[in-house]
Amino acid sequence: MSRLKLGMVGGGEGAFIGGVHRMAARLDGRWDLVAGAFSSDGARSRAFGQSLGLDDERCYGDWQAMATAEAARPDPIDAVAMVTPNHMHHGPARAFLKAGIAVICDKPLTTTLADALDLEAAVQRTGLPFVLTHNYSGYAMVRQMRAMVDAGVLGAVRVVQAEYAQDWLARDLSGNKQADWRSDPERAGAGGALGDIATHAYHLAAFVTGERAEAVSAETSRFVPGRRLDDDVQLRLRWASGARGQLWASQVAIGVANGLRLRIYGEKAALEWAQEEPDLLRFARLGEAPLLMRRGGPGLAPDAEAASRIPAGHPEGYLEGFAQIYADAADLIAAHKAGHSAPASLLPTVSDGVDGLRFIAACVASAAADGRWTPLNEEAR
Amino acid sequence: MSRLKLGMVGGGEGAFIGGVHRMAARLDGRWDLVAGAFSSDGARSRAFGQSLGLDDERCYGDWQAMATAEAARPDPIDAVAMVTPNHMHHGPARAFLKAGIAVICDKPLTTTLADALDLEAAVQRTGLPFVLTHNYSGYAMVRQMRAMVDAGVLGAVRVVQAEYAQDWLARDLSGNKQADWRSDPERAGAGGALGDIATHAYHLAAFVTGERAEAVSAETSRFVPGRRLDDDVQLRLRWASGARGQLWASQVAIGVANGLRLRIYGEKAALEWAQEEPDLLRFARLGEAPLLMRRGGPGLAPDAEAASRIPAGHPEGYLEGFAQIYADAADLIAAHKAGHSAPASLLPTVSDGVDGLRFIAACVASAAADGRWTPLNEEAR
Amino acid sequence: MSRLKLGMVGGGEGAFIGGVHRMAARLDGRWDLVAGAFSSDGARSRAFGQSLGLDDERCYGDWQAMATAEAARPDPIDAVAMVTPNHMHHGPARAFLKAGIAVICDKPLTTTLADALDLEAAVQRTGLPFVLTHNYSGYAMVRQMRAMVDAGVLGAVRVVQAEYAQDWLARDLSGNKQADWRSDPERAGAGGALGDIATHAYHLAAFVTGERAEAVSAETSRFVPGRRLDDDVQLRLRWASGARGQLWASQVAIGVANGLRLRIYGEKAALEWAQEEPDLLRFARLGEAPLLMRRGGPGLAPDAEAASRIPAGHPEGYLEGFAQIYADAADLIAAHKAGHSAPASLLPTVSDGVDGLRFIAACVASAAADGRWTPLNEEAR
Amino acid sequence: MSRLKLGMVGGGEGAFIGGVHRMAARLDGRWDLVAGAFSSDGARSRAFGQSLGLDDERCYGDWQAMATAEAARPDPIDAVAMVTPNHMHHGPARAFLKAGIAVICDKPLTTTLADALDLEAAVQRTGLPFVLTHNYSGYAMVRQMRAMVDAGVLGAVRVVQAEYAQDWLARDLSGNKQADWRSDPERAGAGGALGDIATHAYHLAAFVTGERAEAVSAETSRFVPGRRLDDDVQLRLRWASGARGQLWASQVAIGVANGLRLRIYGEKAALEWAQEEPDLLRFARLGEAPLLMRRGGPGLAPDAEAASRIPAGHPEGYLEGFAQIYADAADLIAAHKAGHSAPASLLPTVSDGVDGLRFIAACVASAAADGRWTPLNEEAR
């Protein structure tokens, strides 16, 4: 398999998600990190790049300079990973697309729906690969769920229950770098827990069911005094097929570490999955004893097999799921580079990112209107 | 401890909850079942009573006759258990109260709020003990949760997540006696899953938090074709203290047997409990590793200790929780009989039943108004 | 169903297992407790009997007097429950058998194998029903396991892993009534944890597999200073069919409440069950995803259905399993009383008790011989 | 942090553990794989090396040639990973040590104790770093357990229960490459399940308790007809401190994927850990409710913190635990290369490998002597 060159914007000293992207990119051996704008301070960017073994000349203090310089090289990066706070996705991503470089972008896509639509247009214009790291869709058993729903194993979906609870913001964390930008509307956008984690839960449900939500009725709360964005959101969704469901995202759920959970009930069968034990999937058919399916175990769909590295019982985790996104992105971008048509892909796209911003916007609007049912694509009319 | 005499209305051949009440009443040895109107057919009532070892003369084919006859005896029943379908609670309960006999009534209290208020007034008028069998409040660890919230261990409650999922109505069960009356508005009232199980989840949350909900935003569904009452309900509650929460009740959740679950997140700590493993309680304090508390184990409040029969690890279950209601009812009714003032009690009351009917009514109204926030006590204004 | 009269020896103030027997006997409404020798002090026995609502004249201070008096009554007890410490099983049981009264006896059967064999002979001589309360065999899912093994679902059994861990004796409990007799060789017999809980685990494995062990290699420990009997025993068993397995019983396993657990691996399938969540059974067929079977759920054998009271998801626990022994005993004893032939029964017998004493004796002998493989029926040669 | 150069012997097409080592080496970015003898067929070795992006000239068909050539280069590998079947550890490892190259070797160390002692001597002679990949010791929560035992949190250890069950060899797998060499005494050594997985469980227990076993009483079985080495082993261990424990390793445990599990009971507290959910650790203090500790969560020791990459609730798995061994090995080998003294390390050593072979030899001897207690260091006398 071909090996590709990766650049990175953001992810320097003290960042969380940058390190995750680097581990994910390394795990399957498809990417070499060769360039980066790790900091807006050139010296700090270079120092950090050196610690990763990068050449000084490819450590930039400015993403615009990086886009320009990389595009001009005979050996440019094949893709750039955007691991900055939300407000720093749109500008840099647009610049790299303009420079002809594929983008792997953290979520949510942007801070505003307008920016998201602008990026979507840029992707369509340039025809470049664009991958949104809704990383939970990389888990083997999440793909198993999608395959089962798609194959009709559940029959028509009736109820979709999604939740994403955490507790790290249950108290005031002012001064914590990760907390600060996530609760700052300027940098995070209109959603707190909404943008940071509810979008993951929403994308997960949409990915698995193959549907999008049509409307939302939401309530948002700011439980911690002084918090500027929601730290808890409770909502109901009406899905395109007629399915109904709730979604809860909270960053004040004490004792819950990273409780992303999806339960889907169809007319013939049901699935239950929890991110904290991602190798397992509970599958129940009406009138039969539930099955405990396991990554690497019997009865899996090809998409799940393909996203598995090691035998059953040797647990894969968060980094493996994230790595799957990078492995698939390598396939996608290598094919594009080679002039081949894009391979079939389960990767989240820029349009999923637009849908995520529509979700955020509709939730904010619904919450402001006391929970009024609000269509997700209202702006389109 | 004094031993009391119990009568029963309903609960004959083929009934489910009647047998449960009998086992619950027997377990702790506080009650003797001595009379019953098990069927509206006198011969069947007698035959059934004989199978339980009752005297023929105390097996009635008519609850009105039973109330009259028992009240006239020198050794009348001390209480009557009402285990009929919902529409058959109000009339009989009222008759027994009028006859001076205490009532232990299954939930929901009645099929209409008007009937519920009427019963509440009858209870106030007569001063008789009236117990509503929201049996899940009899579990030791549910009482432990209540004690912890009450003691301020959680601080102010922020989020209350309640759910009650089952799968037994995931398909059309026409012809099944238990299913038929539960989905018949004449006999069940305005709620299907709403009356049958959502009221349990709502009462559980209210019992544990010591609060009532002020308003609800609900959506109800009838997923199984031909079903006349809701088989899935999804709602949000605004609690008196400012807490927010969701509640989900479903009878189409394939693979879930009896998934009543409560999670409460406060500003200092959180609790998680699931009915299918009722002896356990997960307790997490902010910034500390969660504790796994257990009925019979260390660290329990007196109310939890008092509701425990056997050592930790010897699981108590549904019948023991239900039996606790009967044991507490024996204390309450014996005290009344002896002319003592009522002991402190955790028993659900007729007013909890009224609150349940308000909950049902508000949910139905909200769902009809596309999820509009609806106060629970609207009728009172 | 007929209702029977029960007497009790032991189980007065401060006892543990006596109360359990009474609840178990009450739950299914098949027994009325009418007589007892609750204490060797007649006044205390009477006072305790009064608290249970018994007639004074049937409260005895002497089990021999009770046996004689009850046998002479026109309405004698139909069976006596023996809930005394181990050393007080043999004498009273023998006396009641001699008086023509059936016996329901706690385990282990006696303190010596000789006494056990003597009781077995007395049972054979009198032809009276004798039930040993290895209560865990009353759980529905334990009976389900037995039915599956018996039906050949597992194929030949290869490995049997049994354990029974507790922590209540992890420290010196001198002065605690329950602890004192259990660690006193005079009252408990040759085994501490061995007699109290290892015999349960051994019977469970034997019950489910339908086999007996041929030989044992054991090591016993007394971890708590001053303890006079083993508080931890680790052993291997060779089963008649060629299966191999380990058994661990411990009363010093901190953090384990009542961890009785059985895992059986055959050539075609396997079963895993844990007493702390007794309604569940994990069933795995070679090459297939494991199933999570549940009491009251789909796919159960008639023996499991018959031992179930309430629907799936409404947990049954320890008392229900124990009650099943009493319900089955009622069938057995009522049939005997009516002169009918004994119904098919899963009840543990006096011979199971003899096998338990052989198990204890062989373990003690093996441990004394540094773990030498020791046949269970050595004395018989 | 410095970046090191890795070579590999074995691990070509169709191998399992080679790929694991490569992912583990890549994850933390401390190693570059630059050379390999992936096959004894030079062309196949080159083809495989090319697929990994290696230079042709560093792809060898002969490990002896590789050792010689690499040692002669100006830029030799810093370490070689030995990922061959067991019988191919000793010769190559010795050759690389002789060539002055550090070794990272899969387990068990060798097929005979003599070979193991010979390797230990070679390591002592050369002073080179030697790491044995008992990878489970790389899990953060395993290190947490070790730290807690070491800090005296448990008090004196009383009982150590270890098990490692799998089901992949529950049927005859002749023709399967992975199964074939593992059940061939020539290539696997004297142990089947014993060498492949029991050694892992034994090392885990020894690592966590900081002890070695003094003697073993074992029984081995070959359940699948035609199998040449044990597929199930059941044993008891006497630990140096006086602790007692059982160990079970099985490859015929249907329905168990990779059930490595350790439970340690001390006089003051206890720990329970299972590899299939490696981020969790159950910790119980006598008389207190058990705690559920979590990687990345509160209350962890520095050694556990240092072995963690991502926040709590984002599960780390098998590859991360394995990667920790490679990350620590990088520290160790970089220090050696720089002439610094060896850093404090939790890495399994060649002496742990010798202990593992002693364990295997003693188990085989004990099983052959009907379970006679056999010292682990018998040969030393």
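For clarity, chains are labelled A, B, C and D in written order, and residue numbers in each chain start from 1.
The rule is simple: contacts are C-beta pairs under 8 Å (C-beta built on N, C-alpha and C of every residue); 3 or more make two chains touch, one makes a residue touch a chain.
Remember, it's a predicted structure, so these values are computed and weren't measured experimentally.
S.K.: Going by C-alpha centroids, which chain is farthest from chain A? Tell me that one.
M.R.: C
S.K.: Could you work out the angle of the rotation that brings the CA atoms of chain B onto the matching CA atoms of chain D, rounded to the nearest 5 degrees?
M.R.: The two chains, chain B and chain D, differ by a rotation of 180 degrees.
S.K.: Indicate the whole-number Å distance between the mean C-alpha point of chain A and the mean C-alpha point of chain C.
M.R.: 55
S.K.: Could you put a whole-Å number on the gap between the CA centroids of chain A and chain B?
M.R.: From the centre of chain A to the centre of chain B is 43 Å.
S.K.: Based only on mean CA positions, could you tell me how far chain A sits from chain D in angstrom?
M.R.: Whole-Å distance between the two chain centres: 35.
S.K.: Please output the residue numbers of chain D that touch at least 2 other chains, ranges allowed.
M.R.: Answer for chain D, listing residues that touch two or more other chains: 256, 282-283, 290, 294, 297.
S.K.: Which bits of chain D are touching chain A when the two form their complex?
M.R.: 1, 3, 16, 19-20, 22-23, 26-29, 51-53, 166, 168, 256-259, 275-279, 294, 296-297, 309-320
S.K.: Within their complex, state which residues of chain A touch chain C.
M.R.: These residues of chain A touch chain C: 282-283, 287-294, 297-299.
S.K.: Using the touch rule from the top, collect the residues of chain A that touch chain B in their complex.
M.R.: Where chain A meets chain B, its residues are 158-159, 161, 167, 170-171, 217, 219, 221, 223, 232, 234, 236, 244-246, 248, 250, 252-256, 263, 265-270, 272, 282-286, 290, 370-371, 373.
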